[in-house]
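In the part that follows, the structures are each spelled out as structure tokens.
In the two complexes below, chain A is the common chain; its partner is chain B in one and chain C in the other.
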Partner chain A sequence: MTSLVQLLFDGLVGGAIYALIALGITLVYGLTKIIHFAVGEMVTFGAFLALTFLGLTGGNYVIALLSAIVGVSLLGLVTERTMFRFTFDSPLSGFIVSLGLILVLQGVIVEIWTSGSQSARPAVGGAIDISGVSLRYQSMINLALAAVILGSFYLILRRTKFGQALRATSDDREAALLMGVPIRTIAMTTFVIASALAGVAGWIVLTMGTVSPFVGTSYVLRGFAVALIGGLGSVSGAVIAGVGLGVVENLAIGFLPPGWTDVYVFALVVVVLLIRPTGLRAGAEGAHL
Partner chain B sequence: MKFTSTHRMAVAASAIIVLALTGCTSSGSEGASGSGESDTGTVRIGINESLSGNLVAYGISASAAIRMAAEEINDAGGIQVDGVSYSIELVERDNLSTPTGAVAAQTELVEDEGIKFIFGPTIGALSLQSVEIGKGQDVIQLSPSGAWQVSGYVSNPDYPYVFSTQVAQDELAVVRVDLIEQIGADVVGLLGSDDDTTAGTVPPIQAELEKRGIEVVDVRFPTDASDLSPYLTRLKSEGADVVFYVYPQARGAEAARITADLGAAKGFVTTNTPASVALEEAVGGPLPIPWASAYGTPSFEYPANERIEAFTEKILAFEPKLPLDVASAVFWFYDYVAMLAEAMEQAGSVEDVPAIAEALQSITYDGVAGRICYRENERIPSADIGSVFVVDGEVESKNTPSSCD
Partner chain C sequence: MSSAVGIAGLPSQLSSRARRRIMAVLPIAVVVLALGIVPFIGVNNRTLNLATTAIILGTAASGLGFMWGQSGQTTIAHASVMGVGAYTAGLVFMRLQVGFGLALILAIVAGGLVSGLISSLSVRVSGHYFVILTFAVAMVITAVERRWEDVTGGVNGMTVLPGDESFLGLRLADRMQFYLLCAIVLTLTLIALQSLTYARWGTTLRGARENRHLAWSLGANVVSNNVRVGVVAGLVAGAAGCMYVFHFRAIEPGQFSVNASIFFILMVLLGGRGYLLGPVLGAIVYTFLPETLFFSPILSQIALGAILIIIILLLPSGLLSLGARIRDHRRAKSAAQASAIGQEGA
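Presenting the complex of A and B:
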């Protein structure tokens, strides 16, 4: 029983990271129909940026987090202004640009930082033991951080003018434009937000222990799976599917042959998409923000 | 300018002269030129390593060690055979950190370049297929691949020129299981990524544990696993007393910390890394449970001796960006370049592969990594094994000497 609870808790934490990444992917897709695979490398970039600021500030994790958010947001802004904006009317080209960007960013990270892995310790080490279940302090911080960000974003999307504009653009770009919504600015902002979310995810990944220039790839694959299961373009779907996938993945590791984890995860994606081709939270015409 | 037939003939003649001169002065893999005391030649040595991709850290470590060794040999006058000084010319190929890339690089080196001496690939997962390219050909291939040892390539007479540069896995297993027994365990949880490197490392340890009546739980995680917590929870639920973490070394500190945080086991043992300072740094202090590590190469930290310290300084000056978490891989190559050169000198040839292989098999070499020699009838080296046992930050280090005379 303690193992089950332990696996559920760790699954929630892992799922929260997937949800953050999936939210970025789904936002960009919802607005531009571009599948932004380079989000994974942005996670890596954020992790290494945070690591650098940890060193510069003598271990200040708050500054490290802020640096990851600001730095990766800037990266998102630059890539949108110099690359993705030109693919606004051609999502397939945007997808190919994002694939190229993966290689570029990996190369940049290797040149700036390292080709190897880097270890980092958690901001708060140790764990609290509750009836045999070890709740690691850092895991609780990470879960809380992700929950606050996801919750805030949900509120922004539902309760603010910006959120309204975002949803309107996602629903019908031309109608939104006719209603005076600055859709280009909205798209640019969306790239920046997706990047900021990747920056947060990068910081969380760093606090989990090990980062390498290639760590983003594994996260983005799961993030993309989550976005698909949730329904590409659906924010609530990304959150539900992210947490769900994290929990299912952990339970599978706990009770089934663990070497097959990737098979379970992606088989689940296939099954869900066979039953609901547009994802859990999408209607027949696909999801909307 | 208009080209006349005279121009064309002049250009063609010049090209022929240049080609002819090139043929005279440069050499293929074993070319020699000149006469008397100034006789010189070139030996071409191939490197099949991960110079890009996700295993690049291992590749650049290996490449740096080989390049530095070759440079030192060349600076010291090269390889002396029958009055000819042969300098080493390295030909590097990037295997892109993939098995198919490793095969392509090996094919290029063997078939296209005609190279007879190849180092790499370091990682077991890449080494297995590449070895087939040289089968039946006079090509000496050297790699630390643990998978070669477990798969039997380095004992199989059908592959007489395949040489391991990593200490015998069964000798390592004895030291590693000694450390596990020192902590005390009825059940050992083996944890490693699900790839050929782990597959090549686990069997000798498993056999040694079972020989001593210790139960084994074997849990593998996918190479791209994001979090090791659930795997360690699994080991805990299976009753593991000690976690033996196999590979990749770069995640050793993470695995150690989670083991301690989750109370997954009462002790932690790893393969080559991390060194205690790196681990303390990663954990934020001494690991609150006993931990130990045994490795087939010296680490940069233990056993601390002047030879290792001098080498560390030298290799970091040579390659400042060396990733120190996996850089102990340099010890799997540096000495072996010198050993290969010595074998050529002993064989009196830089092209007679069977004679060079025989000489390599018989050499006992005092290198940076200690005393190295190959076992009889196997191309597996015996070398010093270093180990550390750490309790509450107190480090006890030990060197188990090689079985070389």
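Presenting the complex of A and C:
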């Protein structure tokens, strides 16, 4: 029983990372219909950036987090202005551009940092022990961080003028444009937001232990699966599905032959894509933003 | 290589049927000439190895080019299918001691089977979602190759030694003779793909690509056609996989990962979708460019990724479309001049 609770808790933390990535993918897809797979590489980029700033500041995790967010947001801004801006009307081209970006960013990360994996110590060491279940302080911080970010996103989308414009553009681009919504600016902002979320996810990945330049695609595929299961365009769906995938994955690690986790998870993605290509939640097109 | 330009220069009194026939045969004649000339110009070992690599990758890319160009459907599992062919050929050759011919046939069958299975998933999802689906399938296949150590050797990979095996009178261990064998495989592949393109089936495929619903309503089974296109692409990838493993003699799962599939997409886009020789040209550029510039593997990955982005943004129809583009530009210019003169007269 304790091991089950432990697995559930660990799954929750993993799921938070997937939910952050999924939210970025969902926002970009909702606005431009581009499936932005290079978000995974932005996660690793953020993690390595945070690692560098940890070294520069002698272990200041707050500055590391801020540097990851700012750095990856800038990367998102630059790629949107120089590349994705021109694929606004052709989502498949945008997708292929993101595949090219995967190659470029992976290579750049290896050139700047390393081709091997790097590890960092958690920002806050230690754990509390509740009847055999060990809850690491770092895991709780990461969960809280993800919850605050996802929660504030939910509120921004629901309660602000900007959120309203974003949802309107996602629903009907032309109608939104006719109503005076600057859809190009909104699209650009969305790419920056998705990148910032990837930066946060990168910092969390780093504080959980290790990061290597080549884990991006496996993160993004999980993130995409989560976005899809939750219904493309749905924040709450991304959270629920993200936590769900994290828990399922940890249960698989706990109870199925070890070493094959990747196979199960990716096979699960295939099955989900086949059974409910429009997401597991109600509605043909998934929930709206 | 520039078949489109050559065709434009044909005298117009030729019947359209004869033009069609020349258009179909010309690119293959160009390839046979280009491939056949290599043994006579005395290339060094390094160049010969690179040429062999380019031919093998060009063969595999041609399969993807056929699928993408004719049916409009692309995949990110093409390298995985080639990997299945490579592992199959390597396994039966090393463990079951079968001859090269049988290994090649089994690799082709395995490639066609796996690719057909993947394409049959398009019954459920199409377009964008199908591409994502193939991404996930590719990740599954790579993960299985990494974990199933008893069969594939895991991350340490598999080694294949051709020994003194020969096929069609050509010794596999001899670099030049193996090059000729690869050249034969490429030529046969191109002939097969070109015949399919010019057959009635090819027309049906292109029709469905332009308007899926219209093709359905005219009685074409679009889904079954897509599956069959997948099988064709898989057969080609399987054959290329077999040549790949005998060329490099050592394989590991990373060579057939999602990244490798993105490189195939690059090759097809670089040369041009819908041109028979587009993927081959793409493979030549892909293989020779980093080597000529003495790039490290990581640097060439960055450069090739950048090229992919630049091509899709600036020249989405590929290098071979340049000729047609320049011609269109000239025509538009002269048409504009003509209308300007006409207006002056009026």
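Here are a few things to note about the model shown:
Here is the rule we go by: the second predicted complex is superposed on the first by the 266 of 289 C-alpha atoms of A that agree within 3 Å, B and C clash if a C-alpha of one lies under 4 Å from a C-alpha of the other, contacts with A are read in each partner's own complex, and residues count from 1 in each chain.
One rule holds in what follows: a contact is a pair of C-beta atoms (placed from the backbone, for glycine too) under 8 Å apart; a residue touches a chain by one contact, two chains touch by 3 or more.
No experiment lies behind these values; they were computed from the predicted model shown.
After overlaying the two complexes on the shared chain, residue contacts for A:62 are found with neither chain B nor chain C. Of the two partner chains placed by superposition, only chain C is touched by A:101; chain B is not.
Once the two complexes are overlaid on the shared chain, A:87 sits against chain C while remaining clear of chain B.
Contact with both chain B and chain C is seen for A:218 once the two complexes are overlaid on the shared chain.
Judged by the touch definition given at the top, the superposed model places A:273 against chain C, while chain B stays out of reach. Shared-chain residue A:17: touches chain B; no touch with chain C.
Of the two partner chains placed around the shared chain by superposition, chain B is the only one that A:7 touches, whereas chain C remains out of contact. In the superposed model, A:125 makes contact with chain B only, not with chain C.
In the superposition on chain A, no contact is made by A:112 with either chain B or chain C. When both complexes are aligned on chain A by C-alpha atoms, chain A residues 110, 115, 217-218, 221, 259, 262 touch chain B in the first and chain C in the second. Across the complex, chain C is touched by residues 33, 35, 37, 83, 86-87, 91-93, 95-97, 99-104, 106-108, 110-111, 115, 217-218, 221, 224-225, 259-260, 262-263, 266-267, 269-270, 273-274, 277 of chain A. Looking at the complex, you find that chain C touches chain A at residues 76, 121, 124-125, 128-129, 131-133, 135-137, 139-140, 143-144, 146-147, 258-259, 262, 265-266, 269, 298-299, 301-302, 304-309, 312-313, 316. Touching chain A in their complex are the following residues of chain B: 54, 56-57, 60, 194, 219-222, 224-231, 233-234, 236-237, 248, 250-251, 253-254, 257-258, 261-263, 274, 278, 281-285, 321, 323-326. Partner chain B is touched in their complex by these residues of chain A: 3, 6-7, 10-11, 13-14, 17, 110, 114-122, 125-127, 129, 134, 136, 139, 205, 208-210, 212-214, 217-219, 221-222, 249-250, 253-254, 258-259, 261-262.
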